[in-house]
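In the two complexes that follow, chain A is the common piece, with chain B as its partner first and chain C second.
Presenting the complex of A and B:
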């Protein structure tokens, strides 16, 4: 093998790059069963069935946003009942901090909702506006 | 049923074992081959008399020592400098060189988009996610904030660049004629991975919590529960399987250029022909100069080197030449 020192250095760099997830977190990667960590919602039925909601809730909120802002629609009928087109409707059953935010931060999802809207975790007292 | 799904848990380990072993094998294999001649291809002025101007560009393009050779290598690896010189010769245009640096542009777009996409995927493999990963994703999505989920630029750019790079091999006659099946195969893998990934983000919504738990279980060597595996979406499994297949295929493919580029003699040798004598590692201390010798020894066999005659040539490539002759092709030495 020619230029042994460079080749070995190259292989070491290659292995270090492969191990990126470990060293960027300083080896601190925690396996977490997030479904056990989340707070149990209070109600019986979600807006649609739970499995659909788990993967498509952002689509529903998108739909709601357009219906409410552009169409002025404030009620939403599904087979589980009639719901208010509002985020506070979600928080009637779900705890924001222990459900929504927990899973979002687990997934590292940053919803753009809070660029304009308030949320219960914010210091600004707009949260009490509706209550 | 769920026991079968554990295949998907084992798959990445197999893929990475093949990948790591294969890459190290190929690197060592390359490192074993000697470079008999000094062949630094340069495009700049080499050090000469004081009055011959030599700028820093010349130092990069015609490095005279190891440091500048390393700088040139960095330019090659990070900015694809040799692709930036890409021109194409057109006979029909009166022998003019046409600028074909769009290849450089799309190659840059594709590679850097892919890098950012890989970094963004760290959000599935780390818990808690480091700040810089969220930051990169945020910056990546700045253009598309009006859409939920934010449209990430790199995903779109990578797809566009891939379309161009593949289209180049399909629609341009010269490029098509030199494209091998393996060229198309790796582009096909990338296309499947990219399209399925984009679909997963924008069209087919899946429950990402299970995807992340699955990813964490892989990286922490913590077997996932059957619940996690049962809830994985089929499109995610396609995406994931193709990623694993591609990773396992990398050491056998042309994607090995990520290691091979460091071994390119035209890039990694300083252009110090006049300052230092390059010693052929095949025979470092020849008693008789190579051109005056009867033969050179390669791999224990003596070959005539001064003039390659038919018998020596036949001896060197006996197997291939016999095979060609068996197919009724007439082989005769050129005189």
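Presenting the complex of A and C:
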């Protein structure tokens, strides 16, 4: 190999530059656990297993959307009981601002649901027609 | 040795047989999807005499000349329950009142016209995204998740029953019903017989009633299941003479108008 020392030096410099993101932030990354900061829900049981709900609630809501709009299904049976197929069912137990919105903004998730659906963060008085 | 002519004839005949068989069996395989909704067929009978009385009373009492500005309890409650915004620029209410006079000096008749829930809906035929569709229980529903706001359905509808949301309802609404969609500007809305309410009540084994039916002080609107021979609406349809609007179009609406008394 010609100019061995320069080649190896070059490779080392290249690797150091490549790894910049690692050694610049070394020791500065904190692990934040949002779970502890979220408000405690009022109820005992969620619609499904809590762990499953935490990661898959959006899929459940998509399933509910199809069931309610297309199939006219408004009750959903799980092993934890019977639930109304409606977004309002969420904040019967959960605080919208301190639970839903807090985690969504932490994860930088912007659900499009609230473009058209009501959520308690909208600050408009509500009426209830279902007795 | 088989001749080329015979070979070609055999191959073509075989292909034709397979193709025909497949086409026939495909038709058989198409099973119609049925659910609990197939037991119902929602309909409504509107007593025009009672509506006329109610509306003319309001017009006299409040001194309104324009029929579009009259707001009887059914329209007020419907707007509130279905998150219909109020605007000076456009008429958004899902029920529209029409005053009909046969001659200049005749007594007027007031027809409240909402979506007629046609058996053969023109709006569903033209919908590009299949957002408008006929549910098994006969209600025409707009899936707002799919509506692109092209307004073809509004052109197709012979009853002028659909409204296009030109403005953002969130800015115009003073109260919100969380169970019904708030919607966004740029979609079409229509009367869906308070689908969110009647579906819930049906699931809870109560008698489903849309908001306008509950709000009417004269009991002029009768809602019920047309498939059930013992329901109030079926009995009324058996004994009274009713009218369907624009019957010549063959849309066969499920909203009927009772013109002659009992």
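We adopt the following convention: the second predicted complex is superposed on the first by the 91 of 131 C-alpha atoms of A that agree within 3 Å, B and C clash if a C-alpha of one lies under 4 Å from a C-alpha of the other, contacts with A are read in each partner's own complex, and residues count from 1 in each chain.
Heads up, the rule we're going with is that a residue touches a chain if its C-beta (ideal position, glycine included) is under 8 Å from a C-beta of that chain, and two chains touch if they have at least 3 such contacts.
These numbers come from a predicted model, not from an experiment.
Trainee: Identify the partner contact of A:117: answer first if only chain B is touched, second if only chain C is, both if each is, neither if none is.
Mentor: In the superposition, A:117 touches chain C alone.
Trainee: Touch check for A:21: first (chain B), second (chain C), both, or neither?
Mentor: A:21 contacts chain B only, not chain C.
Trainee: Could you tell me if A:69 is touching chain B, chain C, both of them or neither one (first, second, both, neither)?
Mentor: second
Trainee: Go through the superposed model and pick first if A:50 touches only chain B, second if only chain C, both, or neither.
Mentor: After superposition on chain A, A:50 lies in contact with neither partner.
Trainee: Going by the contact rule stated at the top, is it chain B or chain C that touches a larger number of residues on chain A?
Mentor: B
Trainee: Applying the document's definition of touch, where does A:84 land relative to chain B and chain C: first, second, both, or neither?
Mentor: In the superposition, A:84 touches chain C alone.
Trainee: Who does A:11 touch here: chain B (first), chain C (second), both, or neither?
Mentor: Once the two structures are laid over each other on A, A:11 reaches chain B alone.
Trainee: Taking the superposition on A as described, I'd like to know which of chain B and chain C A:103 touches: first, second, both or neither.
Mentor: A:103 contacts chain B only, not chain C.
Trainee: Taking the two structures together, which residues of chain A meet both chain B and chain C?
Mentor: 115
Trainee: Provide the residue numbers of chain B that touch chain A in the complex, in ascending order.
Mentor: Residue positions touching the partner: 16, 20, 23-24, 27-28, 31-32, 34-35, 122-123, 125-130, 132-134, 137-138, 145, 148-150, 205-209, 212-213, 216-217, 219-220, 222, 225, 227, 259, 262, 281.
Trainee: Looking at the complex, which residues from chain A come into contact with chain C?
Mentor: Residues in contact with chain C: 65, 68-75, 84, 86-88, 115-118, 122, 124-130.
Trainee: Name, in rising order, each residue of chain C that touches chain A in their complex.
Mentor: 35-37, 80-81, 83, 133, 135-137, 141, 143-145, 170, 173-179, 181-184, 194-197, 199-204, 211
Trainee: Which bits of chain A are touching chain B when the two form their complex?
Mentor: So the residues of chain A touching chain B come out as 1-4, 7, 10-11, 14-15, 18, 20-21, 24-25, 28-35, 51, 54-56, 58-59, 61-62, 103, 105-112, 115.
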